[in-house]
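Naming follows writing order (A, B, C and D), and every chain is counted from residue 1.
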């Protein structure tokens, strides 16, 4: 017995790939479609509208198709309110709760469409009643008993970002594959332009960086960018901070003098001594205040009031007293950073980039730089609408970026 | 002064991505479009039709846009004949000659659409007059003075392959990125099924393989597949043949005993001794006939009349007497193989896979297997409509494939 | 003013590379050496002895050289006791504390050499007085005020592992580079033999695994190995457990059916639903007890009393109630696992492998398997004396390993 | 029945790793050794001497061990002349011919040690009689009937390069693994210093480059280096030349404008049009002479009389009239380049780097730059004694190198 339901798509649905995706989803899942209405945007700036009737051999298949269509911006063509159920206990969601995408989303409540605040993928949507009802996301571990949680898929509208109306430039629209065979300096120049533009518009630039940046000799240039106001937040791990501080205290990074390449004397113990010195001083800001640490990325952050989050991991030595060792607590700190960011530079760290990326809406600009093409691909696949990936050497990328921004 | 021209698209133009590509090309190049007619296929199996008026600020831009649209299957909406000009000299094409894509193509000649035979990208199209006029491709170095060569873009129709009407399975349609995180055994099973299917339909399976296959211990299993009739052609380099023969003569590959892992005694000279033995015997078939070589991939090819091409390269030792050292001659031999193939397995060689891929139409099924994701991505990017890429270990892939096909 | 000091080396110091390393260290650091005594082991089984006088232009350089020599097994040639100082506060070590290598180490206390228990790199050495004095390692964050900590380098002997007296087989001695061009099945067979041997000697096999193992379809085979008693401990992250359980609950891994390759319906939400189901059940063991979860790696661990550690990270969804979210607490749990292990299989996870590797002495056998050669190289570089690295596909490795062990 | 033979080692045999290698070879192959004489160099600059008696259970094993020892610089301790046999036919060597290493080698002829000229691995050694007898290498395909070829191993001395007596700097001695985590700018500075030094000593710098250099936007900087006299030879393929010329003719590389990143209009046909233009002009020099080509790497080579070799391959489009399509002929041209080079820069090409590397003695300085760590490792493994490998982006490497050399 065939069952069917109507869905609607609206916007630049052809060149943004939404209609193609919708047709593909139906076919991949064994359904049929019937184009009931189709109004094509005749010119470049005009939007299109489509209403499709989706059919499937059984209700379960139909529901699966509609569910997936929904995640790609094909919304059910009816105007019911979203259904709410209270969370039965802390951290426990009601059965069939709606789990978010990272795209701008609205829910229908009391016959009004209201936006879901702080959209982030894999969250529940909580609705707060009142004169001015609000909807916002919560991760599973933040759910409290009694929270009104959206369940099912009715009354929810997802609007994936659309392809810009002109040439794409460095920031490709939803681009997948990444080639290492692109003009490197020109691409870095375009990234510099985008940072400049973001800063001119008072935007927030978040830098996520791994220790390879320090080992590869780019520390001084990143410190300059912090000092000159191009960085509004820093998201790192214990290792990045340790090696940045080691460079100040001992002139080495992982025991190698990054300026002379001399193999460090006693160098392979410098990182442990660095940690023990900071523990002795109490914290990084105290070590800077006391004059122990006099340069580097952490130094510039402290001196210029650039907030940073040092998130711990199981491979850390030490850790430093400033490192947040609890993963959930660290995620919450990262979430705050991510929400404020207008542009995120992910520099040679997979772990921290994924952690930040998990918290970003699809509308934040993202730059991913790594020497490993698989890392760049994995980060771009997370679905930012405006992203540029570069397979390059962080040790040459940061100096050239700094030169283009500062000179 | 705005200039404009009409183009047409026909077929499953939405879910095959053709319409999206067309809109994107126009916008990327600073043009405008106007949808003059649009007839959407209302159901899954119905085709769509679109006629777009493309406008641009000048003739040069317009021509560039139309040119690129053309390569993606948006054909000029007029029914002129293709324009022909004679080649002025051997290897020299007329100015503005039409350079092919790898998609099925027709040209209009004497008011009739005739198919271009042996379609292959980056070639010229030659038309032979007569009662039964023919059009076919020629690479630049094969052009002869006086050849009637198609110039311009009028009277040429390109039809890119369309997305199949059902689920895609392992062979994704025009898929870009490749993940190493897919179920390996299941994917290999689907590849085995596709080979089985090809053989049941009397199709031709071409294996392109690099020496890593031998070093990684997969030689015996590939030899079995040749013996059992699953391989209709072999495209390799000098190194593959040398190490396959070395294994027979000395029990090693690159000096390592692939069964015991014992470091070979004198092993690092075995490949040179192998070459000198084959030179002494006259050729690989003579070495087999004389009883010198008694096993392996080359042995099975010779014994089972499976044709092979050994294409030379500048990194070869020797080379073997059977190796074609001239690159153009080798390409011609590879071209013959590629044209007969219905399915191509590209096994851990970039150089030979690219050489074969250059000669394939977009309709041939392709399987790319390599441990390096960049290699798999690069091979899939060449635009086969039915391709599956696996980032895996050739030394475990071939044994599992052989088990699934033979047991 | 030239200063000098004597150091001694003993054992198979030539073929284990110790003497070569010592000469290199002196030259790299601008020192001189004078071989004062040299007694070469005349036959394969005889040990050698060398006493070198190391000279340098100043005391600081000399100390640096001696320090580094020390870490490579060239010990100061005097028999002073190790110097002890009390830790001034919790987590704070005395200035100049001795930071360990991962090699077997002894310290001299009351004119007796006593072994340092639970050796692990980058730790302090604590001495406990008493009738039966003990020395053991402590990581920085475990130091308590008043702990007697070894400072300086006198009275400490480091003994790096020596090259075995016969052929090396798959487990190379201190081998650096890793090639993907080795016979895969033979190497897996040798790893299987080593596991068998470890189990026959009642040894402990620890498996460290990442989620790629589940995505790549190797879950059932790892579960079999757990069930059949080949795994004595499991060290994983939240993602591994989630995707293993998702496969049980929804038949998918990351939304892909690993058996049919069908794209999962609603699949991209399965992992979040899985987490919410386990939270609802209370924990993994409770979910198994209640009959909710009926198969998989976690299931077999619980049913067969194989202890596991689920270490949290900032990229986790959820996390599961069983995940240790605090990095220091998780490290302590991992440390316990590492100390019991006689052989460690590191399967397609960099983060967890580094965490475990940090806690291992150089004498534990290690197997590293990853598709990314850089990961394998990085793990082997940590200095296990008996290690084998394979650049291969975990989705084919585990099935073949299981077949070789179980059939 | 135990058999035995004596071998000798001489030089800095401990810190150059020769003695360690020798012991390992004996043990790996099931032999025994007895140190009959050992004279250690007591100070840094003093050389050592060792005579070992090698024993094995049978003559075949002994011969295998001695053979491998020989390749690592442990020479038979007897002073027989090298044995000579005439080649029976063109390209056919006598049975048991001696196949060379890439280390400096001498052979004993008429009781005199004479050096083997133009040493290169995997060659035969030919001796020419006369007043002034000479020994030199020949590749297999150059052997002529009647050539006096060295067979066996008597009367041959191999001297691997020794570790320099001071710090190693960027050019590590026989270093294996390569990390991408090294200070990039400092390493490039050291490479610039080495080039400067080579030029000051009137040395010859050979650049081997792949097309990725052009795509990544480094073309202008390499052209400057050629113009300013830092490049004495260029070894490339057809693709490099085509894309360099395409940039001049159409402003694109592979259809991308490397300065604006604009997607090229008609760009994906530019390389074919470029080839057809050069064919029309006759050759690259003729295209330059006629004013058709006015810039780029090829242009500067022609204008500054820097010789180049364009070696063909089976993946070439065209090819250009200047490309040597026969692999053996191309190898001979490359061999000439390699022999003249004092320093070789291998820039993002595996195929051409291996081809050049095959012809180099172990004493030539080598710099390998690639974004793929596996490529860098593979090139360094070929055994140059003075090599530096960098895993970096060629598109940032060349501009920084040019800045350091020219500014």
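To be clear about the criterion, a residue touches a chain if its C-beta (ideal position, glycine included) is under 8 Å from a C-beta of that chain, and two chains touch if they have at least 3 such contacts.
Since the structure is predicted, the reported quantities are computational estimates derived from the model, not experimental observations.
One of C-D, A-C or A-D repeats the interface of B-D: more than half of the contact pairs, counted by residue number, are shared by A-C.
Using the mean of the Cα atoms as each chain's centre, the chain most removed from chain B is C. Comparing chain pairs A-B and B-C by the number of C-beta pairs in contact, the larger count belongs to B-C. In this assembly, the C-alpha centroid of chain B lies 45 Å from the C-alpha centroid of chain C.
Centre to centre, using the average C-alpha position, chain A and chain C are separated by 32 Å.
The distance from the centre of chain A to the centre of chain B, with each centre set as the mean of the Cα atoms, comes to 38 Å. Residues of chain D in contact with two or more other chains: 28-29, 167, 180, 263, 374.
Of all residues in chain A, those touching chain C in their complex are 28-29, 61, 64-65, 67-68, 71, 91-93, 97, 99, 122, 140-141, 263, 265-266, 268-269, 271-273, 275-276, 279-280, 311-319, 323, 325-328, 330-331, 334, 351-352, 354-355, 358, 372, 374. Interface residues of chain D facing chain C in the complex, by the touch rule stated above, are 14-17, 19-20, 23-24, 26-30, 32-35, 38, 40-44, 163, 165-168, 176-177, 180, 373-374, 377, 381.
Every residue of chain B that touches chain C in the complex is listed here, in rising order: 167, 169-170, 180-188, 190, 212, 215-218, 253-254, 256, 258-263, 371, 391-397, 399-400.
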